[in-house]
Amino acid sequence: MPEFQQTAFILLSILILASAFCVVLFRNLIYSALSMIGCFLGVAGIFILLHAELVAAAQVLIYVGAISVLVIFAIMLTGHRAGDLRLFFHKQAWVAVPICAVAGIALMVVMATATYNATKDAQNPSDDAIASLLFNEYAFPFELVSLALLVAMIGAVILAMKEKK
Amino acid sequence: MSHDIIAIMPELMLIATAVVILLVDPLLPVDGRRGLSWLGIFACITAALSTWFSRGEEFTAFSHGIALDKYSVFFKILLLVVAALAMLISEKHLFLKKRLLGDYYALILFATIGMMVMAEAIDLITFFVGLELMALSSYLLAGFFRYQERSIEAGMKYFLTGAFASNFILMGMALLYGLSGSTNYQEIGDAVRLGPIPEGPLVIAIMFILAGFAFKISAAPFHNWAPDVYQGSPTPAAAFLSVGPKVAAFAAILKFFTIMLGSQSDTWVPLMIALSIATMIVGATMALVQKDLKRMLGFSSIGHVGYLLLAVVATGDSGRTLGMAAVLFYLAAYTFMNMGAFGVLVHLANHNARFNDSLDDLAGLGKRHPWAAGVMTLFMLSLTGVPPTAGFLAKFYLFSAVVEAGFAWLAVIGALFSLVSAFFYLRVIVFMYMRDSEQTEEKTDGKSWDLSLGLGIAAAGVLLLGILPAPVLNAAQDAVVKLLGN
Amino acid sequence: MTPLQQYLALSIALFFIGSWGVLARRNIILIVMCVELMLNAINIALVAFSNYSPTGAGRGEVFVFFVFALAAAEAAIGLAIAIAMYRLKERLSIGDFDEMKG
Amino acid sequence: MYDFQEQIGFPILTVLTFLPAVAGLVMLLMRGKPKAYKGVALAATAANFILSLVLIAYFDRYTADMQFIEKVPWISSLGVSYHMSVDGISVLLIMLTALLSLIIIPASWNYIKEREMQFFVAFLFLETGLIGVFCARDLLLFYVFWEIMLIPMYFIIGIWGGPRRIYAAVKFFLFTFAGSLLMLIAIVAIAYLARANPYATPVFDMDLLEKSIFSYQVQMLAFLAFFIAFAVKVPMWPLHTWLPDAHVEAPTAGSVILAGVMLKVGGYGMLRLCIPLFPDAVVTLAPWILVLSLIAIIYGALVSLVQKDLKKLVAYSSVSHMGFVTAGIFALNLVGIEGGIMVMFSHGLLTGALFLMVGFLYERLHTREIADMGGLAGPFPVMAGVLLFFTLASLGLPGLSGFVGEFLSLVGLFTYSKPLGAIASIGVILAAAYLLWMFQRVMFTKLRDEKWYKLPDLSLREIVSLAPLAILAVWAGVYPNTFLQLIQPSAARLTEKMAPYMAEGGSAVERIFASLGGLF
Amino acid sequence: MKTAVLLIPLLPLASFIITGLFGKRYFKEKSHYLSVAAVAVSWLLSVYLIVQVERGEELHWQVYSWIAAGSFKVEIGFLVDQLTAIMLLVVSTVGFMVHVYSIGYMKGDGGYYRFFAYLNLFMFSMFMLVLGNNFLMLYVFWEAVGLCSYLLISFWYTKQSAANAGTKAFLVNRVGDFGFGLGIMLIFVTVGTLSYSGVFSSLGSIGTGTMTAICLLLFMGAMGKSAQFPLHVWLPDAMEGPTPVSSLIHAATMVNAGVYMVARSSPIFSHSPNAMFVVALVGAFTAIFAASIGLVQNDIKKVLAYSTVSQLGYMFVALGVGAWTAGMFHLVAHGFFKGLLFLGSGSVIHAMGGEQDMRKMGGLKNKTKITYWTFVIGALAISGFPGLAGFFSKDSVLAGAFHKGFWYFWLVGLVAAFMTAFYMFRLIFMTFHGKPRDEKAFAHAHESPRSMTIPLIVLAVPSAIIGLLLGLPPESGHIDHFLEPVFEAVMGEPVHFGLLDAGLMTLSALIGIGGILLAWLFYVKRPDLPAKAGARAGFLYRAALNKYWIDEFYFAVFINPVRALGRGLWRWVDVGIIDGFANGSARFFNGVGMALKPSQSGKAQVYLFSMFLGFLALLVAYLILTI
């Protein structure tokens, strides 16, 4: 069923890119956040296409479940006003459009036309293998990540927490 | 496994100490927190000692995730020195600014762990985690004085630019992984050297990585954040941020561009040269027009990055150890002189409530604070590169490497900007000794033995590296020889 | 079957849209969102490589897990900064924090 | 071999070099005892001067070999060692340094009003740097001392100088630092090029470097780098403009050391490094350097002629006089080189003395404007006499030290090229013109202010500080062989080194054109 | 003999040092004791020396090696031969007399001790100058006497004119010494030694061109020291010094150094006829040129000064035509009578209370008898009155020129002699005869003290008789024989005194007397004539009165342009270009910094953008570099 896969890929790509544009273009932050969730879901779909179901699940959990919620919380906390219209976009945004476009397209062309030392599809290993890698070979970085999360917590405390006077 | 534990012993010590600090901190009254810095310093010392005693062994741990070799030992000890110095100069300042929290020390320790991991990693994933650990801690350190607009601004700028740059590095690493099929430096290096690897994507990967690192070390045109962040951050944190991340980033750059990309030097050497020249221009000329000392030091550190990049260029085809050793030694010298210079600013801020880091505040310092002015002079001379200071030998060694690699013309350009930079370093001395102060101080009780000790250590380091550099120099040379051997 | 190249193209496209967002928008929360978009782009590349790699299979996926975790931490800190900014000035536009320059 | 162990038994060069610095550190530690630290400074410089005499006494003046050798590895992985040794030229200049350092202490006894201790400490450190330069036999060590002497002088000008002191100090620093940086690169380059193989350590030892042969291109580039560094110090036209500013702003003692010793370091460097290391380049470029020297001689004199500030006049006269040094040295014959060295020595004595005199005048009149003076011989007859003595010596009156050096270097230059020698001789006329005119305007004609009769003439302290200079000036004029013998073997070694490289004959113009061919 | 030779210079030197150091505090008005005594002993020793030399003894003594630098080796050494001895005698005699004279003349001056110290220093230098055995010593003491001259001219330093004159003297001499020094260098470069004997013995190997160059360069020095045109300008101004100084240095001894030098170098000069001709030409021109200025000067000392210049020209004519002994003879004779004349004029000035303008004098004949008569003897001697010193010496010069075939020089000499006689007696008539023009000064006029008159009398004796002693028989007199060993190699055929010579002699005597008579006509008989003649001569008169505007010319052509050049170099090159470049580069980097400053805008967004652009720039740079 390669056709299905290709079709799905195209549809998901359209979803991802379109919602990404929406994130950038929506004036209302809440809309942007919702578009972002759409984008995340699309990416999760891509992961499934790539036979990385575990990653896809984690994507949904972490991005859609955690980060998006975090973002929405932040928007709520700061009052989700659209803000001054003049300040909506930085004036360099329009300069950045062609530059980003040209650069992006150029890189896309290079990346898409190169020949890779790639085998056929479906090399992603089983979840067991991933777990084994994660907890054996990458045990040390895994532990360090906990420190990073601890740092994030400290950050929330020292920056965002209200001090009792 | 015990093997692995031994390898990360220093990190574990720091983690344990940081956790202890975090736990103990809320239980202590503000006055009682003053000992926390010593806890951290003690951890750094023990960690450094344990690193030192493991210097004879050379092995990789965690399935080739990190390498414990002389190179790692050199950088880990250096980074621990940075952390210890940073904590020494911080305590009083935080106390006076009413932000004496254990979190600060924990963040420094976490950042240090991240840097150490960056230096010792030989795996992309391990490196990336180290990088992010350092980066996240750094953002928070920059924004630590959250009631000061400048500090928040610094944190915000650091965070945005840093996150953006991290994405570039990460993209580059993703491509490298994808092209080579491995995350291990050595394996990637072999794959890149032996091929077959599509050239276009590889170049793009190099560009992403180069851009990301250029940000981390604040090379022009990725430098804009640096002066603002140093100016806005709490001064002791600025000291730490202006040195630590750079040291770690250079440790990683050397590994990246020799082990992994050494065979691609044709691609990155010209770009590195361009970056280096641009960085020297920006650093030297913009430091010239600064009135704020922290900004000035920020641009000056950009200038030093320009010189360091020259040495990286000199590593060119990966057979040249001299350039790498020069980077190592330069970083060691830079650590002492830059930490020292910021430390003097901390000292002044502690003693004078009106001190706002401007050059004018230095007027007449030679009379008011003779010792502070004296060591500041020493640091400025060292930054200028005048013997018998560490800065001189570092620059000498660096020029040696550059000339030896056949880039004498680059050395001449470096010399030109050294000359320009001499101007603004001298101006500090001019203000301290040759101008009389017009404004009076608002004296505060800033006496701090910690800080004096820190400045003393920095000054001693600057002199010692300038007069008896042989041990550090040899260590640097040994470190890089082995790195290229494996 | 979708070739690797297409995934990479998608990744790059998403990366640059995210970049554009970072460059274009003033609101820090939105910029954090765009940074997350860029990370997602990288994740796509990593997983795609992982899927097609003859030797490094699986490591890309592991990599992605680390990226997830760190992205979360990063987002947390970014939003903490946003809140701190808001507390200080009731502003979220990063352009309003430009005291230090020159 | 002339090891210090065999020659004298203790590391005299190290002691000579570091004794002042150690004394300076001691002074720093004894804060708050104003009388005592002057004593320490005086004692240290006096001891150093005596040591320098001991050095001369033990010096074997019949050999060109380096003597009192001390060699200890310093940074062995880079081939850098702490290698100190001296030859006749160094010994002479060390003695001069020690003498002038000794003299300026009493001369500025009451001159400095604030931060007095730091002032003396700076001078002690300066002496360390200067003597170190003359002793160093390792290129890196040489460079280290070379730069070390920059710092104290920078402070001396910048802290205790006149109204435009900051500009002058920074200008002084940047001019010299610019040259130094080029030299540093050249040092590195030749050290690495002199290696036997790419894995050997670089060569910084001058003994070894002198035996190395560099390619023509390397020689040219490295020579130019070294030469510019030295030319700034000398200072050669057109790199001289820091000098008048530095001198005018510097306190008296600073000017004395600056003119007396620091300028000599440039000439010394040319002798010690430029000529022995890069003989091919020297041969090619010598005519150009001679032309520059001539410009310096004439130019300095012409500009001196119209100066209104006494110190500036003496400063520009230094440019002119130091032109004779480079002219003599790059005439590349024995007479010229010895003459150049003698000019250095004598200029050290005389210009030092002249600056002291200007300082003494300034302490009394609080002006250095020539136009404000006149008729001072009336109130200050002794001063007039002493000033006349040094003025005459400086304009090259035979029988005093100035003449011997100047004449020898002119003979050397004349031997090299007659037209160049003739042009340089014009400098002698001009020297008489500006110096005598200066003397006339200061000391002769009508007294401008009768109140000056109430001011004291030279005090005993001042006379004592000038006397050694005067005695040496007469000595070197009447029996210059004392000094010539000292430098002869070393100078001869240079000419022997150059001999195989010298092309025969040709007028200066021809040589210049020939060198053009060599350049491209 | 060695002791004598050593003592002759060293005694005055010792006296100089002692008097100079302690005179002010301890000796004061007794400063002259030591000085006069030292010079007296030197004088006795010189007499002793000349007696020894007369017996045929010579001394070549190298005392010590002075400068030894590579191949350049010079000794301090003494050479005593006939030439030296005779110079010594003149120097010490006049010097001794001037010392004695100064006791009276300088009495009461504030710088009494200083004056004697300087005089001693001069004596030392002058002795060393003539005693030296090599060119470098000659040069050295040449400059040293110049220094003494400088010191003594500007002795009264508070006077602007005196200070100027001193500086001018030194500088003009330096110009001459420039040539002299080059000449010495050329000698060294050519023959590799500087000792007289060494140089003279290796002359054969030198080419003619080089020889001429050496001679002309040396002669340039002589022109400076002996005040030959165009370097004569300093000598008249040098009269600002005290009169004994004018007498000693600027008439009798130092200015002769040039003549001595040429005579000493006669072996070299004789190898270069062209150079010799130049010497004679310059001498001849100077002789008539200076005399013409002397005709119209009103300052008593200026007249004598121009007379000196003129007479020195005479000597050079003699040397230039090859009449070596005649030149030396005239030098000796001139030393005595010009010394006498100056001392006499000093006595007059002393009498007039410092007045030097002859137009304010007159009728002093009776008030100052001794001065008058000794002055007349001197004036007659210089005018060539038969039997007196000048008659013989001048005649031998003229005859020398005539015999060597340079009749034009002879003619010039005659004209100059005529002028000499005229202005000398113009001086006498204006000063001593007629009515006093300034009654007040005249009333105070008095004869000078004994210490001044005795030297006048003493010097009048040789002025009168030395011609008879040395000059007879004419053209091969005693002096010719005495000096023969020195000039042996360069002397031409000995000339036998014949009828022609007697005729020439008579002619020159008549010319002299004619000059005297004309002066009598102008200034005694018809005092209105000078003004008329002056008006008649018009331009010429004004030109001579203004010394032909030579000083003005120098100022316009050399001094002012040099100063302007110096100022220009300083303001434009030093401050403008070089400093401008240095400061400009500083400003440039500062400008770059300022230009870059806006890029650091403080807006995080811009920073992000710049990073992004940096990334693209890397890509573009890579593309550019690879394509």
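Chains here go by letter, A, B, C, D and E, matching the order in which they are written, and residues are numbered from 1 within each.
By our rule, a contact is a pair of C-beta atoms (placed from the backbone, for glycine too) under 8 Å apart; a residue touches a chain by one contact, two chains touch by 3 or more.
Nothing here was measured: the structure is a model prediction, and the numbers come from that model.
*Asks:* Starting from the defined contact criterion, work out which chains touch subunit D and subunit E both, please.
*Replies:* Under the touch definition, subunit D and subunit E have B as mutual neighbours.
*Asks:* Using the touch definition from the top, how many steps at minimum link subunit B to subunit C?
*Replies:* Each step joins two touching chains, and the minimum needed here is 1.
*Asks:* Would you kindly say which chain has the C-alpha centre located farthest from the C-alpha centre of subunit E?
*Replies:* A
*Asks:* Taking the mean of all protein CA atoms as the centre, name the chain whose own CA mean is closest to it.
*Replies:* D
*Asks:* Once you count every C-beta pair in contact for both, which comes out on top, A-C or A-E?
*Replies:* A-C
*Asks:* If you average the CA atoms of subunit B and of subunit E, how far apart do the two points sit, in angstrom?
*Replies:* Once rounded, the distance between the two centres reads 77 Å.
*Asks:* In angstrom, rounded to a whole number, how far apart do the mean CA points of subunit B and subunit D lie?
*Replies:* The answer is 42 Å.
*Asks:* Using mean CA coordinates as chain centres, what's the subunit A-subunit B distance in Å?
*Replies:* Those two chain centres are 31 Å apart.
*Asks:* Roughly how many whole angstrom separate the Cα centroids of subunit C and subunit E?
*Replies:* From the centre of subunit C to the centre of subunit E is 97 Å.
*Asks:* Scan subunit E for residues touching two or more other chains and write them down.
*Replies:* Where subunit E meets two or more other chains at a single residue, that happens at 586, 597, 600, 602-606, 608-609, 612-613, 619.
*Asks:* Could you tell me which residues belong to subunit C and also touch two or more other chains?
*Replies:* In subunit C, 8, 15, 18-19, 22-23, 26, 32, 48, 52-54, 59, 62, 66, 70, 73-74, 77, 81, 84, 94-95, 97-102 touch at least two other chains.
*Asks:* Multi-chain contacts only, two chains or more: what residues does subunit D have there?
*Replies:* 174
*Asks:* Quick one: which chain pairs are touching?
*Replies:* A-B, A-C, A-E, B-C, B-D, B-E, C-E, D-E
*Asks:* Would you tell me which residues of subunit C are touching subunit B in their complex?
*Replies:* 8, 15, 18-19, 22, 28, 31-32, 35, 38-39, 41-42, 45-46, 48-49, 52-56, 59-60, 62-63, 66-67, 70, 73-74, 77-78, 81, 84-85, 88-89, 94, 97-102
*Asks:* Quick check: in the complex, which residue numbers of subunit A touch subunit C?
*Replies:* 2, 5-6, 9, 13, 16-17, 20-21, 23-24, 29, 32-33, 36, 39-40, 43, 46-47, 49-52, 54-55, 58-59, 62-63, 66-67, 70-71, 73-75, 77-78, 83-84, 87-90, 92-93, 96-97, 100-101, 103-104, 107-108, 111-114, 116-125, 129-130, 133-134, 138, 141-142, 145, 148-149, 151-153, 155-156, 159-160
*Asks:* Quick check: in the complex, which residue numbers of subunit D touch subunit B?
*Replies:* Where subunit D meets subunit B, its residues are 74-78, 115, 140, 143-144, 147-148, 150-151, 154-155, 158-159, 165-166, 169-170, 173-174, 177-178, 181-182, 184-185, 188-189, 191-192, 202, 221.
*Asks:* What does subunit A use to touch subunit E in their complex?
*Replies:* On the subunit A side, the touching residues are 90, 92, 95-96, 99-100, 103, 106.
*Asks:* Would you mind writing out the residues of subunit A in touch with subunit B in their complex?
*Replies:* Subunit A residues touching subunit B: 107, 110-111, 113-117, 136-141, 144-145, 147-148, 150-152, 154-155, 157-159.
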